[in-house]
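Naming follows writing order (A, B, C and D), and every chain is counted from residue 1.
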Amino acid sequence: MSIRNWARAKSPWLLHFNTGGCNGCDIELVAALTPTFDVERFGIKLQGSPRHADILAVTGPVTVQIKDRLMRVYEQVPEPKKVVAIGACAISGAPFKDCYNVYGGIDTLLHVDAYVPGCPPKPEAIIDGLAKLISKKE
Amino acid sequence: MERDNEITQNLQLIFSNKLIEIKNPRMRRIFARVEMGSFKEALPRLISDVKLNHLVTITGTDLGQEIELLYHFTRDGSTVVTVGFKIPKDSPTVKTITDLVPAAILYEREIHEMLGVNFEGHPNLAPLILPEQWPEGIYPLRKDRKFEELREIGSKK
Amino acid sequence: MKMGYASTIRVPFGPQHPALKEPENFIFEVDGDIVVGVTPRLGYVHRGAEKAFEIRTYVQNIYLAERVCGICSHAHTTCYVQAVEDILGAQVPPRAKYIRTIIAELERLHSHSLWVGIAAHEVGFDTLFMYTWRDREAIMSLLEEISGNRVHYAMNTIGGVRRDITSEGASKIRSTLDAFEKRTKEYAKIMQTERTFLKRAQGVGILKKQDAIDLGAVGPTLRGSGVKNDVRAGDPYAAYGEIPFEVISHEGCDVLCRTIVRCEEMLQSIDMVRFALDHIPTGDLRVKVPPAVSAGEAVSRVEAPRGELMHYAKSNGTTKVERYKIRSPTLANIPALCKTLIGSHIADIPLILAGIDPCFSCMDRMAFIDSKTNERWIWSMEELKRKTVK
Amino acid sequence: MVDGGAEKENCEMTPYEVFQLLVFPGLTLLFVLAFFYEWIDRKFFARLQNRYGPLYTGPFGLFQPVADFVKLLGKEDIVPLACDKLVFALTPIFYFALPLTALFVVPISESTGLIAFEGDLIFVMFIFTMLVVTVFLAGWSSASRFGIIGGVRAALEMLSYEIPLGLAMVGPAIAAGSLSISAIANWQSSHLVWSIFLQPIGFAVLIVGLLAELEFVPFDIPEADTEIVAGWRTEFSGRKLALFKVGRDLELVLASAIVAALYLGGAQALGPIPAIVSFLIKTVIVVLLLTFLRAVFARFRIDQMTAGMWKYLLPIAIFQIVLIQFGIGR
């Protein structure tokens, strides 16, 4: 159904979840909403509730404490959903990889659709990652 | 510099024979080590006479057989006075100072969780920052466990 | 735990919540619209950094110290390298001190303007959020030009600084700051005159002077309650001894006052950077330092944008640190935060939370159980999970 | 009046009426208007914030609301375990249907609405109240903390702005001496004066009341996203959320149509300009005004809002009615 895929590509709503990161990636993600980068041009809106979201943007190495909440929020996002791992911590745990309280990397817990490398990735990199994710064929 | 000397004399006066050593490595930094029991009695005078009104934090270090507690105070935001004492590792109990310094309620809880020191009289020593499923009795900042072992315990959950 | 239909309902706030950039879970005991009890359950950002410090060499630790917090990363690295230089007794060249101070003040600018945007967003004033963050991009691109990265600048190393500020770099800084100063003055005026924002910020989250001192608050939260206490003045480090500035404080004790303190600090930082650029001495950038650090201990303090940041280092002569303790400003503000939250409306929670400009990722060492209600309860794992955002 | 030739007992609908009902001033036009006004609202709001707003979905991002709607239709529709299933399913449908029914009463393409009877102004006021009741039920039935708090706040908010809103709508009716919106519109066109000039205070009170009705920023307390996640909408997803979204847009169309009909002379042909075009121009101006107010203010707290409405808005509305009694607004 091309109209449905067109609609999904044109209005990807984002839910941001920080699993213990240093919030460098979070301020870059929020910076992407502001006039200099303005992701609303692509229809991307930051949503408050997991129920309204299509893409789960996760930043930070998964600390042991937040693992259950992450899984819980992941289950609350309705299908069809995608997961973006933003930042080196989300991809592999970066400097905190071998700490005792960190799972290191989102893909140990969830199926990740797109990785945005960088510590922190610049807003342009995050937008580029999202654009590639949206145009990726199922 | 003269303020540091004045504080040093004050400390020597308050702790007198209980003072193990005192050093002033650079400007506005004073480190004093005292015997175990003497700190709590001297605290009211420390706050009133030496005017150490702001407790920056409490640092706990595992020295093998003993645990060293360092209380970092500042005197109106400039000189940092650190008073420390050692407690035996097998029975690490200390009296709390939250009755005199309410700000210490947080720092004592971290030391309790990370090093296993329990503070008598502390209003609420519930678990804090370690994940809920962290097993009792394992204190990450103690040196008796190798780093990889800790990693195992953490990620097993 | 008493589970009967209590007159109050417990509202979980986090760990995933649009108002919080970071995962923190505050469970509020709410009676009608008034908060009667607050139970912060932190630990979501506890990555065990202090243990990680002990297994890395001193140079690797710079990389780790920087990633403790994204917004005040330069403050953490400055504090770390100063602690190690203290133990070593290394003499940092004056030019490096000036560059450290300039970068620290630029970071304070971008951190405070970020905060002004977030505070406006908390009360639904999105236009001001968009404008402040648009102008903040100028500072971010400035920092990117000097250090190569927008957030983690990696400017510091043990014994000095890794990059220089060239003359055209300095002129670019001056021109950007001139434009930024005009915008900041206007936003400061808006924040103090716009009626709807005033209604939400004035008289909200009162922290009296004596409470602030007793509970050990630091930074703009403390200075907003009338206490003149700033590490840059009391215990000057880097080049702060030579740069004239006076501590800003206001008697208002509410969120609006903290906003004014932060806006004025921004204007003051701009003047400090200009002064530092005019008086920057020439000379080399760093001094050679041995990898192994002799046995010793040091306490180093820095005025991070959120308040007094303290690092304690204890070395044992090897190339690895014996014990490293970080006490971040947000941790000191949490007891004061809980005191101001009691008795506030639900709708005020995000603004009061934002009032102390929490940076949980630096702080995450501590939880604080405060319940003024008579009975005391301890959350078991299941109850906590059920109570979080369903 | 429904012009259907001679009075018919069995009053079955002529094809023209069916066309009128379903296509022209009826459903499809209202749907198109709903999406169009949401587009204007988002673009103007973005422009005020020095941003572009939706740009790449169709020309100038015109189809962005359509894309959002269609995407939401295609999403999984999660029904929480603890929620009240029936009410949870019905409230989106009510929230979508109510503004539609009210819009048949308002004159859009000709000087009279599709259905016009004496007292349809009261009918529209009733619809506004029912909307808030639906919102409350939606929040209550979703059984999540944030839903309940959002629903309770919406109900509390209604108590404060309902009376000034009602008074502001009754003002022009008293001046025109009739309770039918179409009659009020015709009165304005026949007297060649718009009520906005006669009763400017009433117009201001109506705008503020509608801001509260539409939950725009100064009063968007029920779904304040930074405090209670997404307020009463938190638990809705998929088709239900799509219906809520379109319902909200239709409410915007209804609000602007009411303002146009009561204060700006309704859909009357101004010389060469046909009725429908004059209606569009007036409603677009009202939507721009509402968006401007939305961009300029911060959000009130619930107690400040109720206090402000009772202490300031209500006396002003009553003062306006008193003015009309003394013949100033005639």
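Convention: a residue touches a chain if its C-beta (ideal position, glycine included) is under 8 Å from a C-beta of that chain, and two chains touch if they have at least 3 such contacts.
Every value quoted in this text rests on a predicted model; they were computed, and no experiment measured them.
**Student:** Taking each chain's centre as the mean of its C-alpha atoms, which one lies nearest the mean of all protein C-alpha atoms here?
**Tutor:** C
**Student:** Of the chain pairs B-C and C-D, which one is connected by the greater count of C-beta contacts?
**Tutor:** When the contacts at B-C and C-D are counted, B-C has more.
**Student:** Considering only mean CA positions as chain centres, point out the chain farthest from chain A.
**Tutor:** Farthest from chain A by mean C-alpha position: B.
**Student:** Which integer distance in Å separates the CA centroid of chain B from that of chain D?
**Tutor:** 63
**Student:** With centres defined as the mean C-alpha position, give me the chain B-chain C separation in Å.
**Tutor:** 24
**Student:** Indicate the whole-number Å distance between the mean C-alpha point of chain C and the mean C-alpha point of chain D.
**Tutor:** 44
**Student:** Any idea how many Å lie between the Cα centroids of chain A and chain B?
**Tutor:** So the centroids are 41 Å from each other.
**Student:** Can you list the chain B residues in contact with two or more other chains?
**Tutor:** 130-133, 140, 147, 150, 154
**Student:** Identify all positions of chain C at which a residue touches two or more other chains, and write them in rising order.
**Tutor:** Within chain C, the residues that touch at least two other chains are 17-18, 43, 46, 48, 51, 55, 130-131, 134, 389.
**Student:** Chain A: which residues touch two or more other chains?
**Tutor:** Those would be 34-35, 48, 63, 65, 98-102.
**Student:** Among line, ring, star, complete and other, which best matches the way these chains touch?
**Tutor:** other
**Student:** Which two-chain combinations qualify as touching?
**Tutor:** Taking the chains two at a time, the touching pairs are A-B, A-C, A-D, B-C, C-D.
**Student:** Over in the complex, which chain B residues touch chain A? Could you list them?
**Tutor:** 130-134, 140, 147, 150-151, 153-155, 157
**Student:** Okay, in this complex, where on chain D does chain A touch?
**Tutor:** 42, 46, 49-57, 61, 63-64, 66-71, 74-78, 146, 225-226, 229-230, 233-238, 241
**Student:** So in the complex, the part of chain C that touches chain A is made up of which residues?
**Tutor:** My answer: residues 15-18, 21-23, 43-49, 51-52, 55, 63-64, 67-71, 73, 114, 117, 129-131, 133-134, 137, 140, 150-152, 359-361, 385, 388-389.
**Student:** Considering only the defined contacts, which chain B positions touch chain C in the complex?
**Tutor:** Its residues touching chain C are 25-26, 28-29, 31, 53-57, 59, 61-62, 70, 72, 74, 76-80, 82, 101-103, 105-107, 109-110, 114, 124, 126, 128-133, 140-141, 147, 150, 154.
**Student:** Under the stated contact criterion, what part of chain D meets chain C in this complex?
**Tutor:** 48-51, 80, 82, 144-146, 149, 217-218, 220-221, 224-229, 295-304
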